[in-house]
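Written below as structure tokens is the structure these notes are about.
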């Protein structure tokens, strides 16, 4: 480690934050990382993707969230862990940097984008950390192997699981920040839990972080908040409609490029992705403002499907939906597709199955989600036990969530007098059938 | 008026809003207006322009704010004015639509943009209301002269000042929403006042809206919140730095276009503005995502000034500043300009005077700002008096704010070893001189 | 009904309330009821009894809570039910008065008091409503049978269960107020749920109140809040310690009076209770200030037990506790009693079993608690279903709570060097044994 | 100092507090002080005296507030001052104890009580600190001269004004706590300011505490909150009505005792005060529950005045009021007194002048209130300046508050048909005359 690893700012810097009141920065390296262009880029990527089309307050960026995760970790380390024998102060800067940078590789509307172009934001996080970037330059100043270490913590392969679990576990700083932050910006009353209490009862143990038994009820409350946030916000059916449309826009753009379609406005930012020859600079150049600019260009394309879907997304004319699992009702789903095709609406793009298990979120499912470190309670006698063994509440809900299946389609056809009446009536029958 | 003017939705629609908890929509016309593409476009324009570069939470859009203004007016009318003899229920839809649409003509980063291209968002509001737009179609359905009426209310020329003052006065729904909303999103503790109390004591009178005397202290608190928000947020010197840079980017782009500079990436969205031949569609096509996309293109231009300023804006390498009023210290300012020119940094773009009186905000200055309707108190004996005559607190602060003058410049030259030492020392002397 | 039943105040009266912001009173009868001395008496009785000895913020009175319950019911009726066909506006004043007066018969520290003196606050509520009181005078002015009707609503025997369920059901205004109010005053972060949402989805149906299916998650959140509040606040073991001591003070006073003990300061307020010849005036004269005054007198009595327990209560020297169910461990419990008796501490008063099933609270247990009307959801097809059939979350926790058994005793004997060492060691062994 | 002075608890103790979230106790001495009976007694004295009769939420005790003041001081010292060269860590426990105990000598409804019986809570604070009390025992364990030092800090005579000013200055922990706490419990929206910001910019200097210039706006906001809280809460005219009645109850009791009136229920707790031979135990025995118990006894006395006033206080039948300054309108006031005397209502008790300058509160008046240390700003160049010289806002309001004069009387006589019509009409004329 160089002296840079411990260099402090002459005066602490403070960011006003609505969730944590203030974000405090004392370390030179953290300050420098925040100033890098790769980190500033996160200002141009919304934390909740398309959710702002349902909850208009949800316009906050990943920059916002990343500072929050950093601040939570900072408080755990500086206010709770510092001075405890099972905590190694040498890991401090590593975990702070990992917290700050954990979302660095995210692109615009990641979920839909990664789905269509098979990119992976986690790989790009590593690429930014280790590549020719301002972030890498800062991390190198700490120590030559420091960028690699940060990458390992974020990828959960770092040997010391105590460090990993502060960033990625069932009760990590990432979740604690986003639940509160997303609740704050959307304005919902779920998402609140007593984080201060939880922080105060966290304890470092060899290779893990545990929660003192006395904090169990606060943790239960956190689990419940999470449950409600998923159901109310993250799985919101209208937000999924916007996601479905965005997904199909990208799918269409890709399909067109494969057919050598001539775009009025050349999608130069997308070409590397069409060809799957992507440089880091290509990746970083594609933020949400660029994406939204292209979608507006596409509203003027010749291709009817691309034009329509783009216009729907920009002007928020979303699809309606019904509860339907195509696997359970294959004939009904197929008939629906046929009818749309018959109306001249390509069912590939206009009759879309979506299920919540496609979504990149996890509820508390100890065991099932093995990659996520479970929540461990430290009993008053020193013993350590997994939460759901102690909490009948958590045990009751763990793994209870059923996958929700919906089929999305443009519902205005049902009342469109230009559509053949027989088709419309059959459609209406199909749609209302037992939903 | 058509029956559309009074048509109600079958079921009330509700938007979750973090500031007002819920925004309630019952009128078909309001619902239809929200769904228009011109109104949806406000999602792509931030309420506070460049402020998010200082207060990272301030990422909320004008869409957000517009719904809030509508909701405040709806509460005043439906919960307080309804049924009172001095309130004409016929004006209800007019004032609701005006509230919702009052910011419709805003473009991206309006202040800088209007400054350079001499556009006026108020003119565009009128153009959108009366032009060939979805908004106009909806308003026409209410009554043929309805779009014109809405325009008049927003322009403050509508005859009934009672209606106007709900949208534009020293204590209108616009201010009450933005103070609270901007405070909420930035997370500052200023900006809070007891709006519910104020709403409850508002009373319609012939041609005006008054506040019952019993609410005076709540109004004082509102005035103080405003004072603090202006000083702390709206006039924040670092936010003004971002504004200065953005202003210069646009100035530079315009200058280059006048010189027939060849842009690597043709600024097609800007051409109408260069030529000052702007259609409504041109105007509406230019939102914040498009603007940010261009600025990123400009980071790769040949022109050193444009490239540098664009990169500064995107990567947040802002200018520093000193307190200086060039009119009072013309020689010091000129010498500063000379030194920057000497260093090869064109002073037109790199030594910039900015004063808060250039900013589009007003403090409470009864009398001075004649275009703004003052706050009138209704005393218990029925008499009506201007607030500052009754409140010694408001009297004390009214008009107290001095214009703040600053000069912005890239402060890293002061420590740049490549800069001539003599120049640097003179610069440092000039800058520290009595500031 | 008289015209008084519909008489309105000239100007609405407003109470500032920290939980509901404002409590609004428009009806003359409500205003008059609030002004009665029987209602004002509720200012002198704390809502949470002894809880303030653990959560110092919990000093709020039943007056406070009663206004809150009234306000919630008023909002349901005036903002949601008014105008709906299944709601009978004739019931309006009845349900408002019942809400306001539902706790009228409570005495100081009711739980302990009723336990020792076998009084019943519900009987006294009836007695105040129908007796020679200011409250009765007001209610009589509405209609001669009105006091009886209010009594029936509060006792849940009123025929129209729609009215009853607003005051007493699994999701009544009483619970909704106290959960939020107790959370607010104690400062805990549990107890928050989206009441505004719940109110908006409540619907009157024949003989019941239902919740629209779309509000199910808000109701789940309310159920969870309740669960947490019970575990964290209402069942708090230290608060139960204060309750145990208070109970024993009263038990001792009663025992002494039965032995014709001569009190230094004659407990005149208690005599009617000793003899069980209690007039309504006797009952109303005994508020918390009087009770606390007596306990302070008793700190100076000759009787060692009464003196000690009183001093413990006033000066907050509470008992410690261990987890123990005497029924399951009769020998251990008996031995504990013997040892305390041996030390000269009468085990009747100094070794006390307490279980949470003794507490006057209920969790959500559909079926089990038949007297409480369950929560019914109205599905989108109009069908009505009991909540736990629809909510896997509620089903999971319904009836899960186990009774908690504790034994309380003065723990300082364990470290008191004046106590025989052998006894102390045996005690310590008994206490640490498998707890 | 003994080792007790630095003894820490094995595990930090935490109180849940709604204003500061948690109050943290680490020092053995602080923990022991909280456990003393003299400190526990503060639970039985409300912070805002009679204010709960207007703002029903204001039922919080001085215990509550005292913990809050302690916590604020603890944060200043431990989070901001610790480690700075101008702060002497040796003063830490002294200032913590002084903060905790600063209100120790308060009795029930101090203002009225001290007015009638000429006691002084500050003298009693000293008496408790130095007398034969549990508090003194704890303080003695720290050092023999420690009780005297604590007394000096609270009395502002301690040599080191840095220590004094944390407890008593224009921006001390006392004010910062009560403004926020009283706002929280009453539920008003005034009283909020950014305390966290203020704490962060406080700096120890030789013999004083200063505020960094960058925190000036937060301090302005604090001053404004104070201004509003005084006008809205502390000077509330209805609350003053309850105070006036309580004052007259005590005045009457004293007058009766001087006439050797035979009380049905001997006022034994008051006898020492009648004779002005008060022991510390006498003083400590008189808390609010005792006072309220006596007032209830007095509702049954023969003396009509005492009986009536007591009943008014307990049942909240308060006096009405008009704006009147008897010194400016001596004839009007005298005639009012005559008319009440004529009606058989002794004007001494039924026509009462009250002015806000009688109230024990101070606004920000630099200079005027010399005993209060002013607020000093530390400019960026190190210079220290008084706040009102820098803040035009504070300068504008400093000392602006005018004394408010009111005359209180039972207003129901105006509509009492048993009162002679001529008298009533003259009364009404007198009262409405130019008020």
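For clarity, chains are labelled A, B, C and D in written order, and residue numbers in each chain start from 1.
In this text, a residue touches a chain if its C-beta (ideal position, glycine included) is under 8 Å from a C-beta of that chain, and two chains touch if they have at least 3 such contacts.
Chain-to-protein mapping (UniProt): A, B, C, D = HD domain-containing protein.
Remember, it's a predicted structure, so these values are computed and weren't measured experimentally.
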Per Cα centroids, the chain farthest from chain D: A
Comparison of B-C and A-C by number of C-beta pairs in contact, larger one: A-C
Chain centre separation (chain B, chain C; CA means) in Å: 52
Separation of chain C from chain D, taking each centre as the mean of its C-alpha atoms, in whole Å: 32
For chain A paired with chain C, centre-to-centre distance based on mean C-alpha positions, whole Å: 44
Numbers and ranges of chain D residues touching at least 2 other chains: 21, 188
Sites on chain A touched by chain C in the complex: 188-190, 192-194, 197, 217, 220-221, 224, 227-228, 231-232, 392-393, 396-397, 400
Of chain A, residues touching chain D in the complex: 14, 21-22, 196, 200
Complex contact set, residues of chain A against chain B: 15-19, 21, 35, 37, 40, 43-44, 52-53, 55-57, 59-61, 63-64, 67, 184-188, 285, 287-293, 296, 314-317
